[in-house]
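Just so it is clear, A, B, C, D, E and F label the chains in written order, and each chain counts residues from 1 on its own.
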């Protein structure tokens, strides 16, 4: 198990994350321009989508895939509700804040998923190609559930402010992450091997290097938010640390139900254990305009994300090999 | 012929263009930062220039090349005048608007040219290396003719506002596109094989992947302008659709005169059929400051460009093989 | 010797520098967005650091490395003092301006160093891997000496404005360049061969192409500053031209003392001969807030840098082979 | 010497999604122009801190500057206010003196 | 019709390193919001031209816009001035009329 | 307590190609500083909508802020006006009160 840990930690992506984290803690002024961080996210989503599409084309549409799609949506709803209950009942947050944070954790962090895929490929473990499709599916359910839970009951919901205005629907279903991820998948599947050949030197070969540069920025961002922790109640930070095992357990259960390979199961565990900080906040920005999204992003990005990519990934895989081996 | 069509349409670059186009139509908020779009354009011009320069070095300076240069400048002037007459007489536009749009169409869209080169290389068709030089040459003639046509006669042209001030000359001859394109060509030719070796993993291998990412952005831009169509008279949109066959015919004629290969002829057809939306608007911004450049860019980018890269390229090549085969 | 000169000049990086320089002189409006220039610098520092780290891991920690570290810090202090004396006594600058410019020249231009490494690799010459570590070390000494020399004596230094406030220390020791450079080195050393494998298609293969694009921007920047020369006293421009031989001589002496290979010696000569325009100005911005940093950057970037990368690199190598051969 | 004409400067803070609507109102009301700036960090009582989220445009909150005669400014305020009720944003007005360039003057 | 309320607009020029401190002061003083813009090129008598140097944030000088009632503005000025003594920056105030959106109005 | 001094704020809209000239005029006229902002979207009666075209600098239209005493502002306006006749741009003035930091105060 220790081998797995060092196998994950002693790699350029994770070490550059720590470099960024440490740099900001010693107040280095190093800064990656936001425009660059943005195109790196789009690149990573495009690349993992394209790879997933090519994999999906190979595996084809089987009963297992269909069932997985259904179960993953259920996983999204269940994790959002579970997180909401914990935040509302145990930590006593307002309905709005509980729903906002729950929506983050009911969804998935694409970059944690990608770091997991890179880990699996480096240790030569196989995983089902369609898991990428599952990740894309997992973006929206949490948004709908979150908005539903977060909206005030009664009165104020006039027609114009229908609880799910057209704009919120557009953002929930067609936000940038889903478009690039699922678009990449469809194109990867349609263009097949010849398409892959055309884009391989751009989308496949430099993929791990781009992830490394992206994680340098993530480290800087995470540390910047950690420095702002004094404005965040300790209970919430506790939630950010306690959630991964819970979410991973739900993911493990789903993976077993679907009879996925250890690699595939580990990826579903990541879906459960990670929280979104790109797609969900954007949708909530519209759906729950009064929500303080800073909490959700800070927890998902500065607490849960570092935990998942350093210790989570190797541990989830270790558990998956034991249980689903 | 159908094979050529699918050969072009079912490729990552064109499909990602459609993905971007569709994303914006369903109001996705996906946005590629302008700085990223800018460096992708510079990269593509640098790469095609470098490749053209290496090709030019191999083919050397022949009579055919010299004649091509002359004829292409003539093509530029003729297409600008033809477009001006159609816009002015048939569509009854003001002298200024007709000249502005004509200047766009008298020049060439570098990205359409590049997409054509990628198409030729994928189907293994050959084309003359120096066509890249012809494209660079085609940028300026249309600008001069456009400004000449657009300037009001008599009176107001005081000495200070000479119809071709120093600034306009600098922009027309030394704008960013020409500098990167022709600079890349000269350096590609001078540094030869050893130079190519140094930059190949950067300028050659990822070229098609970068084009794919760039076309995703082009799709978003084109759809944004299509959504703004209501402000554009239908006659103009008709012109944007009707021009490609006309321009391509002029290009075909020029290609035949020069005895170019089918591939080379197709590229000259693209030069005729496409309209510029980078170099020409920048020059007109200075040369015809009162002109409404939005029309020219919208037609060239949101009407003519999509038509050319999807249907145009395969069709022009098919015609070129029949005629110049 | 002439072969070395053309070997360096007729390469894409240097030619694209000249293209950028010439483009700005003819007032082309070509502009690389600042965000792009920024990430290219970070990429180059990350790549050279990673390569240096891998080299250091192979060579290991020897007496020579330890001695080199000490001597390089001495080189930094001596060059800063020498430059200060020349600027203050010979050119009669104010204490503040002399200290500011001296600090730039007491440090090193990472990009000149990188261009030197690319030159050595192209002609197949070897160089000590730990020279990268020496370059990282050379960033800070000049900053401390510069601030010490630049601060007014007595009076005004209240506790709050201790001559070396916490912020200045952070900037001098943990500025972006040092973090990325030394961080890259440590990670390169720690992750060894397997780590290099993961990032090679991103950090190693496109390295020379990225340098080429970066030098296009450097050419534009250098020419922009040259156009602003009229505001800079001629004496200073003379210093910018006269310094390289002086600095290189000090570097040669240091290289010989350390018994480095000709390649290694040439790199130390570059450290002496070049002036920083990224790390030092940032630190002085805080340490000497009243200093006019524009002078230092203009000389280091628009006078000394072009001289070093075109004529300097081949000449320093030629001398190094004669002396340290 | 062209005189300075007393006018009013209207500054509207609005997000990207509503920008197009606001600019249409400004043009329709007859203002001679507008200048839109990008805000990097903003906070308001009604919607708190607006973070740069998702993959949409960076720095989404815009500051629209419009200098025009009081009646034009009043009309713009009247038509923009309903938008501000539903979406994040605010507006304020101040007096300025503007250099009016005659249209014919430009080259 | 919501009326325009006479207020004061405070514009503070400050660098990134001191921005957080200034925004805390603005919030603590009770302002209903702030809008921060990015300056691309600046010059001042005390610190001359501030170049974009190093690998830190580009366009580091910020312009903070705060519209609030005079007492709030006065308090902010009082607490920000000491920062301006030690670091590059300046500030100025002008009169504006602001459209006050009631908190309850936002959806 | 440093007092606020009544001054005028001049805002000049100008494009990148003429920015250098305008800033020289501002410095020569004796202003203590300037702050330049970048405009992302602009429209004017004389030159309509200015698109971001070509491979030159993005967001070319700039907003120059200069706070100075009335005579200095008047001189700047006088020297900038001829530029505005030939090139896109405009300018407006408003009254402000500025916190004057004595030169000696900065560290």
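The criterion applied here is as follows: a residue touches a chain if its C-beta (ideal position, glycine included) is under 8 Å from a C-beta of that chain, and two chains touch if they have at least 3 such contacts.
What you see is a predicted model, and the numbers here were worked out from it, not measured in a lab.
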| item | value |
| --- | --- |
| Set of chains adjacent to subunit B and to subunit E | A, C, D, F |
| Equivalent of B-D within the choices A-D, C-F or C-E, defined by over half of its residue contact pairs recurring | C-F |
| Inter-chain centre distance, subunit A versus subunit F - centres from mean C-alpha coordinates, in Å | 46 |
| Length of the line joining the C-alpha centres of subunit D and subunit F, rounded to whole Å | 19 |
| Separation of mean Cα positions, subunit C and subunit B [Å, integer] | 41 |
| Touching two or more other chains - residues of subunit C | 29-31, 33-36, 38, 42, 161, 167, 171, 175-176, 180, 201, 206, 282, 289-290 |
| Residues within subunit D bordering two or more other chains | 37-38, 46-47, 54-56, 58, 86, 88, 94-95, 106-107 |
| Complete list of chain pairs which touch one another | A-B, A-C, A-D, A-E, B-C, B-D, B-F, C-E, C-F, D-E, D-F, E-F |
| List of subunit C residues in touch with subunit E within their complex | 34-35, 38, 41-42, 160-161, 167, 171, 175-177, 180, 278-279, 281-283, 285, 289-290, 292-294, 297 |
| Subunit D to subunit F touching residues, read off their complex | 1-2, 4, 7, 9, 19, 23, 27, 32-38, 62, 65, 67, 94-99, 101, 103, 105-107 |
| Contact footprint of subunit A on subunit E as seen in their complex | 54-58, 106-107 |
| Of subunit C, residues touching subunit A in the complex | 33-36, 38-39, 42-43, 46, 50, 167, 170-171, 174-176, 179-180, 183, 187, 190-191, 194-195, 198-203, 206, 282 |
| Footprint of subunit D on subunit B - complex, ascending | 29-31, 33, 156, 161, 289-290 |
